[in-house]
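Paired with chain B in one complex and with chain C in the other, chain A is shared by the two complexes that follow.
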Partner chain A sequence: METTAVRGRLTWQTAAVTAITRETDAVSTIELNPPDWPGHRAGQHLDVRLTADDGYAAERSYSIASAPGEPLAITVQRLENGEVSPYLTEELRVGDQLELRGPIGGYFVWEPADHSPVMLIAGGSGVVPLRSMLRHRQLVGSDVPARLLYSSRTWPDVIYRGELDHYRDGVRVIWTLTNSQPPGWTGYSGRVNAAMLTETVWPASEHPLAFICGPTTFVEVVAEHLLGLGYPPERVKTERFGGK
Partner chain B sequence: MDAVDGNAIGGLLIDVFGTEMTAADSTCATCGAGRPVAELVVYQRAPGTVVRCRTCGSVLMVFVKAHDEVSIDLGGLATLGDGETGSMGAGRTWRQPWMPGDLAETNTEGAIMSHEESMQMGTPEEESMQMGAPHEDPMMMGTPHEESMQMGTPEEESMSMGTPEEESMTMRTPDEPM
Partner chain C sequence: MSPVSRGFRGRSQTPAGEDSRLPPGQHVTLDYPVLSAGPTPHTPLPEWTFSITRGGDTLKSWTWQEMQALPAETVTVDIHCVTRWSKLGTRWRGVSVDTLLDQVDASTPYVLAFSDGGYTTNLPTEDVAGGKAWVAFGYEGGPLAPEHGGPARLLVPHLYFWKSAKWVRGLELRDHDAPGFWETYGYHMYGDPWKQQRYAGD
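So, the complex of A and B:
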C-alpha cells in the first residue's frame, strides 16, 4: 500500500507516540515520531486517521503544537461523543502507533520574516497553533513584539498555563475567563468583546498581523471587531474549529 | 454542525490539486467576492464537503468521496488560484476541465474555463499538461490513494451529482444557511 511519496502529495505514514503530556482534564499533548517528516511551519496542522477492525476509518485535523525544529506534537481536546479525540486523549499510550499525514496549510502560518507586531487571539483549544508560533518566535530569537489574548472557560481549562505564564521579552499574555474566575483573579472576565479588544490589541496604526483561532462563532466575532478597529482584512488570519 | 473554514480541507485539497491550496485566492462566480480559500465557509459531513462563499453563501465547490474516489464540482468558482504567486504549480495550465468527449462540444464557456490564466493546476505526475481543445478524451487521474478526480461540466454534474441547487438541498443540514 505504501508507495514512494510523490512530490506535492500527502502520504499517510505511521508515527510512533513518543510522549504524552496531560495539559488539562480534557486536553493532552501527543508527541509523535513520523519516519518521514519534512518539517512544518508554525500554524500548520496534520491529519490523523483511525481505522476500526471493520475497516471504518475516521480522519480529523489537529493543529501542530510544537515549533518547527522541535519534535512533532499535536494537542488534542477530548470532545464528548467524539469519534477520534476520546481515543487520542484516553486510550493512546506511549509506544502506540498513529497514522498521520502532513504538514498541511499555507495560510494560517506565521513566519519570523514578517516583522509586524503579532496579535494572537485564541478561544479554548484554538491556542494550539498560536503556541507553535510563540515557541517558534522564541526559538529563532525573534524580537517581533507579540501579544496573546486567550479566552478560556475556567482557569483549570487553560492549556499550556505554566508555559504561557513564563513568557517575557516582548511577549504579553492576556487572559480572560468566561465561566468562573479563581480568587484574586486579575485577568479579564467574560467573553472577548469590543471593549476588551480595544484595550488589548495592537493598534492598527502599528500594522499588526493578527491570527485568530477557536470555535467558529468566537473567531467571527473577534475578526469582525478587529476589522472595526481598522485592521485590514488581509492582516487578519483566521482558523475556525467549528462548534464548541 | 457548525461550519469550519478552508483551513480544514487543506489535506483534501492537496489530494485533489496536488498542492497547497488554502492560501490560494478564489473568486465567487455568483457575487464576485474574492478571498483566500482558507477564509471560505466549509461544511464537512461525510461523504461530502460543501464550500460556500462567505459573502453571498453560494456553493463554490463540492467534494464527494465514495469508494476511494473524489468527485469534485468547482462550478461556483469564477477563479481559483493566483497565477502571480504560482501557488497552484508553476507552468502547468489546464485549459479545460476534464470532460467526456461526447459532452465536450457544448461546454467551452463554463465559469472555470473562462479564466484560464487563473486556473493553473498542476499535478506532479503530469508535467506541463496542457488541455487546449474541447475535444480531449476523458481524463481520469489517480492520486496516490487511487482516487480519481472528475471535474465536471455543468451537464456532467447534473448526471453524477445533481445540479448545484439539488446538491445544496441534499447536503444541507438544518443549521446551515441557505
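So, the complex of A and C:
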C-alpha cells in the first residue's frame, strides 16, 4: 500500500459556525470557520468535541464534506439514539462555536494526480467524503472520468441531490433507491448487488481506483463484488461506519 | 479550557457504575462497528499460517491446525477503538502471544504485526508479552467473523484497537520501532487509550 506521512500535532481549536444547510430531514451540512485550519485532502475527516456546562464532553469523528480550498464543512446525519448528531443537526445555530481538530486520515483520500478512472460507491451518508472528492475534481479542472453509484433508501433521503444531479463533463451519477421509488423513476431499485455493479462500475481493465463508503454490511458486500469483478484489493479503499 | 457548547446536555450511554472502565473521550457501543481500510480478505484455513520472522527469516511458523493444538485461553476484556467507541466485556478465545514467543530463541524490543491485505501495526514487545496479548480466533463462543478479523486477529486490549491487527499472519521481530499502516497516516506510535494517544503528538 502506498504511504504518505502525516505528521505534526493536531490541536483542538474553536471554530465559528458560519452556515447550516438542511440537506434532508435528518441531515445537515455545517460550515465552519476554524482560526487555524492547515488544509485537508478529499476524503479526510475531523474530530468534533461538545462540552456540557458541567464539564462533560463527547467527541465524534465526521467526514469532511467540502473540497480542499473551500470553506470547511461537515455533513452530519442525525442518529435516533445519538448523543452528538442530534445536537449538531437540531440545536446548533449559525454563530455558535464548535471545537474541532483535524484533518485526520490519509488512506481514504483521492488525489487529482492519480489519473485512473474513479469509482465512487456510497451508501446513505457515506456519500459525504465522496462528495468532497467530486467537488475537488471539479475545482481543480481534472478530466479524470468519475462515476458515483449512490444507494439511498428513498428519494427524499438523497443527500446533495441537486448538486449531484448537475454534474456533467466526465462525471456520471447512478442512483439506486432501496425502499421506495418516486413515480417515473428511471434509476435502479433495490440494494446494490452483483448485477448492478457489473452494469455500472468501470471495468477492471481500465485500472480504476474505487472508494466505498457506507454502513458495514454495504461496504462488505460491495467490496467483495468488486474483487469478484477483478479489482485488485489495493485499488479498493473502504470506509465503514455504524454497527452491523 | 473547552468552551461550553450552548444547549448541549450529555446523554452518556455508559452503564451505571461502569464509568471507570471507559477511557477519556470514549463512549460505549452495543454494536460492533467495523473499520478497515480495504476489502475483507478470505484466506482458506489450509493456506493459513502464523509466522514469527526476523530480518526476512522465518524463525517459526504454525499452521492453522498447529495453532489450534496450542493451549488456548478464554479472556473477557474491554476494547477501545480510536474512533471513540468502546465495547465492554467482550469474550475472546485465543493463544497467548507468550506461548508463541516462547518457541523462538530471539527477542527484540519491538514487533511489527503483519496481516493479509498488507496491514501492519507496530508494538513494543513488552506490550504483547506477559499475558497482555493473544492471537484470537474465537469471539463470544463462536469463530471470529471475517469482517472482525477472522480467522484470527491479534488481541491487545490495553491499546487502541487498531493495534489488534485483523487477519493477522505473524509478528516480525524488530530491533527498532517502525510505523505500521495507520501509524504512517498520523496515528500514534503507541496508542494508550487512557492517555488518549490517538494521533501523532498526542
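As a convention for this text, the second predicted complex is superposed on the first by the 236 of 244 C-alpha atoms of A that agree within 3 Å, B and C clash if a C-alpha of one lies under 4 Å from a C-alpha of the other, contacts with A are read in each partner's own complex, and residues count from 1 in each chain.
Please note the rule applied: contacts are C-beta pairs under 8 Å (C-beta built on N, C-alpha and C of every residue); 3 or more make two chains touch, one makes a residue touch a chain.
All values reported here derive from a predicted model rather than from experimental measurement.
Trainee: Superposed on chain A, are chain B and chain C clashing or fitting side by side?
Mentor: With chain A as the common anchor, chain B and chain C collide in the superposed model.
Trainee: Is the number of chain A residues in contact higher for chain B or for chain C?
Mentor: When the residues of chain A touched by each partner are counted, C comes out ahead.
Trainee: For A:83, is the partner it touches chain B (first), chain C (second), both, or none of the two (neither)?
Mentor: Touch status of A:83: second partner only.
Trainee: Have a look at where A:241 lands relative to chain B and chain C in the superposition and call it first, second, both or neither.
Mentor: both
Trainee: Once chain A of both complexes is superposed, is A:49 in touch with chain B (first), chain C (second), both, or neither?
Mentor: second
Trainee: After superposition on the shared chain, which partner residues are touched by A:156: those of chain B (first), chain C (second), both, or neither?
Mentor: Neither partner.
Trainee: What is the contact status of A:57 with respect to chain B (first) and chain C (second): first, second, both, or neither?
Mentor: Only chain C is touched by A:57; chain B is not.
Trainee: Just checking: does A:97 make contact with chain B only, chain C only, both, or neither of them? Give me first, second, both or neither.
Mentor: A:97 sits against chain C, while chain B stays out of touch.
Trainee: Just to be sure I follow: which residues of chain A are touched by chain B in one complex and then by chain C in the other one?
Mentor: Shared contact residues on chain A (touching chain B in one complex, chain C in the other): 3, 5-10, 59, 61, 104-108, 216, 233, 237-238, 240-243.
Trainee: Looking at the complex, which residues from chain A come into contact with chain C?
Mentor: Listed in rising order, the residues of chain A that touch chain C are 1, 3-10, 12, 14, 49-53, 56-61, 81, 83, 87, 91, 96-99, 104-108, 216, 219-220, 223-224, 226-227, 233-234, 236-238, 240-244.
Trainee: List the residues on chain B that touch chain A in their complex, please.
Mentor: Interface residues on the chain B side: 1-8, 10-11, 14-15, 18-23, 35-39, 87, 89, 122-125, 143-144.
Trainee: Enumerate the contact residues on chain A facing chain B in the complex.
Mentor: Residues of chain A touching chain B: 3, 5-11, 45, 47, 59, 61, 101-102, 104-108, 215-217, 233, 237-243.
Trainee: Which bits of chain C are touching chain A when the two form their complex?
Mentor: By the definition above, chain C touches chain A via 2-13, 25, 27, 29-41, 83-84, 117-118, 147, 181, 184-186, 199-202.
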